[in-house]
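What follows is a set of structures to go through.
Presented sequentially are two complexes of subunit A, the first with subunit B as partner and the second with subunit C.
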Partner chain A sequence: MHLTVKLFATYREGRFEIADLEHPDGSTVGSLLDALAIPRAELGFVLVQGRHVELDTPLAANTTVSIFPKVGGG
Partner chain B sequence: MDKLPQPPLANVAERYSRQVRFPAIGAAGQARISASRVAVIGCGALGSAAVDLLARAGVGEIVIVDRDFVEISNLQRQVLFDEADAAAQIPKAVAAANAVGRINSQVKAQPLIADATSSNIEEILTGAQVVIDGTDNFETRYLINDACVKLGLPWVYGGVIGASGMAMAILPGETPCLRCIYPEGQAAGVLATCETAGVIGAIVSLVAAVQWAEAVKILIGDHQHLGRGLATFDLWTNDYLLATGFPRLADCPCCAQHRFDYLEARHTSQTTTLCGRNAVQVSPGHPLRLDLAELGRRLASAGAVSISPYLVRLGVDGHEITVFADGRAIVKGTADLGTARSLYARYVGV
Partner chain C sequence: MENILRINLSAEGGPKTSLEPIGKYAGLGGRGLTSCIVADEVDPLCAPLGAANKLVFAPGLLSATPATTSSRLSVGCKSPLTGGIKESNAGGQPATVLAKLNYAAIILEGRTPGTDLWKIIIGADGVSFEKCNELRGLGNYDTVAKLVEQHGEENAFMTIGQAGEMKLGAASIACTDRELRPTRHLGRGGVGAVMGSKNIKAFVLKEKDARYAKAKDPVKFKAASLAFAEGLKRHAVTGQGLPAYGTNVLTNVLNEAGAYPTNNFHTGQFAGASKISGETLAALETERGGEATHGCQKGCVIQCSGIFHDKDGKYLTKQPEYETVWAHGGNCGIDDLDAIALLDRMDDDFGLDTIETGVTIGVAMEAGLIKFGDAQGAIRLVKEIGAGTPLGKILGSGAGVTGKVFGVERVPVVKNQALPAYDPRGVQGIGVTYATTTQGADHTAGYAIATNILKVGGFVDPLGTAGQVELSRNLQIATAAVDSTGLCLFIAFPILDQPDTFQSLLDLLNSFYGLNLTGDDVTALGKKVLKAERDFNTRAGFGPAQDRLPEFFQKEKLAPHNVTFNVTNEDLDTVFNF
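What follows is the complex of A and B.
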């Protein structure tokens, strides 16, 4: 299925800012993170179409997935 | 030299006239702002930007808590401080309170040179109507979250890194708390810091502005206009997104079960790496009041020592150890916790 994936803050380093990707049908948010080698220890939250989702949420085609690390500086 | 005419500082109505003309605030809102007390925990980049806005808005009393001192590398983004503060290495809480006095002498600034810990956080927050997060680490944020949920006190989270930032108001019992958003505690040494990833001043201004606005809405009772989500920003790629849909977790250890893991630990970690610095803070983990003059005399045989009313600094073995009156030390020249603990034990004593 086709997904638009947006990465934020430090997750962009060595990856991308925004990309159109193909990902297996029926897969979950967690599997997308695995495919992108996103380390869980830094994970803040994931949004689909701007709304928070859990890692076991099934992904739907043609949606925008936004992935944020925890942002801790101040 | 002739003195310049003094502005009519006593004319409160004129001072806040533009803010009062903003209908959402008005005279009643201004009165509530002027009668309020806000605690700002951490006065680095976000904290100093928030204090600046709070002081100009006429918040009655601002409690400013910070454990660190001003350095030249702060000035790019920490708007309350200047070169003189950095040259004199003034504690940030004191420098910020001094700046508040120059900006708005009608505001009472209460500086506290201290680390916010489980031992003191509830006392620090007593009497505040809202708390602003100016910290640079999640351990302290979880502690603030615990204390605010326990006390039923609203607080406003903020975080920045690079050109990215986020902010969200947390109303205990009404909106998701920090542990609903980030259920797991944060392991040390995992997250990027300002040192590794950098940070630009403009994102600090933006996030602090959101924190200020949310705090003022809370102060004047305008909950209707609070953001219903986590506001996220990237100033370099122009991504501005309100993240919504966060639930209040039914099993949240903090706001559902009222298990305050960070508050009830009764001691925070003994060592903390400092954001943006090759440095470690070592805390004695118990209340302490050092005689700095005596400590300075004792350390003089070990290396180059300088003393101010607020701190003692020792240069030794390629490191710089700055000790505050509450027994905390900032060990510069290492990011290794064990090295810092060892230096602390060797020179400050445990």
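What follows is the complex of A and C.
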């Protein structure tokens, strides 16, 4: 399936800012992290279409996935 | 920090000082101390710009120690902006110097007769007062430069710019940073106007011969200091994200989450967000020879700030914070970092709260004075504030006044204080904090973004109503306690996630002061502070009607999630049930 993937902050180092990717149908958020070599334990949070999802949330085709390390400010 | 310095500006023959033991306020610092003193001593019905109001400065409990990240200074008064109690806090060097001079608080009361401007010089050798009419009309940068000429570099300074002299509702008090630049501001609620109303232009805080007091248990204190600093470095937010990208890392976060208030809270995403994001800002700072990682105070291990150079590679301002980049950027449809940095510099120089000022410009855009996205127009309007033109004085009085003058319906204020950089429809928990905090709309009073968006301290769905009141309540209590320690609020990220770092914080307090505080005592402290503040506001005439968001947040849906603010009034009224 087709996904638009956005990476932020330290996750861009050695990867990309935004990319259109093909990913196996029926896979989960966690499997996408694995494919991007982002350790699950270091994850901050993931948004799909601007909504928070969990590692075991199934991905839907033609969505935007935004992946953040642990960040904060304010 | 055993003494309270009281300065009576109305005394016959010139300002008089008296020294009082901390007495019944022992165990309080920072916000806890300013709020309890204001609640005890200031008539809630007084005119905020009159002689009866008092301006109380207090370093935090740990500002008296070399513990990292502990030089936050609180200032309290009755706010001329909100009409309620105000506590505003800032980093920089003044808290450390005041604490090393053994002052738990300085109470400024009365008002000097006549129109002379004064500076107050405080050092190990005593307190003195000098007229300083030569500083009249100067911005904070020129004011501090003159003060350095007169008093040397071994000082910290607190000053007001033109906005404070004009007693405007958005006026701040500037605190100098490590480089003696007036970049760290006691920003919110018009505290600069209160200082101006008392004819005080500047404080000179002399570090010469000022020394840290000894910890009751130096061995345990040293161990706690090391463990606490290690905990801050270990957590990804304080150890990596904030140093590398600063607070502005949040631009992309809130924009992706659809809760980034754009064009005066019309929509939740901004097309130009990536151009003004923390990632872009840090790269630009590095490219131009500035710094992407810089501390606002000595000894801070987080180093969330930076140095912004202009296109010619010359210093322009410190790294603008997320709220500033948002207020002057996305909130006004502006995606030009150079324009935003210049506005930050102007705000710091005139002595203006960047949130109130940016939101005011957004309201002016809503009114049609200039168009959304007009960066040069925004710069021109802020210049009018510094120049004190009639239009500038209206704008400098804040978003609420500006909305009234220009007949604007959509004015994002609570208790007449401008909303910060998170749309309460996209992050319902922060909406509860905006509505109910004693301070007027203030994200720092109970930073629900941590749990609603960043998944720090758990997760509560930002678009739902479930759990938001409890989340905001617990955060407001914890924050009131942290704001009393002198520690920067960013330590909340590691202490929410790492129990051992929270224990290190308790160990710092206990070993320095010879106490046996537990987590329950910290909660009790937070509740005590909030109750004192809430009681002041009640006596000032505030009730449930003041604990509400503007109507449009309940009526207009925010794109892209098409959601209104849905926490009920009945639920808002339970936040202070503790």
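Everything below uses one rule, namely that the second predicted complex is superposed on the first by the 71 of 74 C-alpha atoms of A that agree within 3 Å, B and C clash if a C-alpha of one lies under 4 Å from a C-alpha of the other, contacts with A are read in each partner's own complex, and residues count from 1 in each chain.
Criterion: a contact is a pair of C-beta atoms (placed from the backbone, for glycine too) under 8 Å apart; a residue touches a chain by one contact, two chains touch by 3 or more.
Just so it is clear, the model here is predicted, and its values are computed rather than measured.
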item	value
Which of subunit B and subunit C A:A41 touches, first, second, both or neither	first
Which of subunit B and subunit C A:F68 touches, first, second, both or neither	both
Partner chain in contact with A:G14 - subunit B first, subunit C second, else both or neither	neither
Which superposed partner A:G26 touches (first subunit B, second subunit C, both, neither)	neither
Residues on subunit A lying within both footprints (that of subunit B and that of subunit C)	6, 8-10, 17, 42, 44-45, 47, 50-52, 66, 68-74
Touching residues on subunit B, where the partner in the complex is subunit A	42, 44-47, 133-138, 141, 158-162, 164-166, 181-182, 186-187, 190-194, 197, 199, 230, 232, 234, 237, 239, 241-247, 275-276
Residue ranges of subunit C in contact with subunit A within the complex	235-238, 240-242, 244-250, 252-253, 256-258, 274, 278-279, 304, 321-323, 443-444, 447, 449-450, 453-456, 459, 461-463, 489-490, 493, 560-561
Complex contact set, residues of subunit A against subunit B	6, 8-10, 13, 17, 39, 41-42, 44-45, 47, 50-53, 66, 68-74
Residues of subunit A that touch subunit C when the two form their complex	6, 8-10, 12, 17, 42, 44-45, 47, 49-52, 66, 68-74
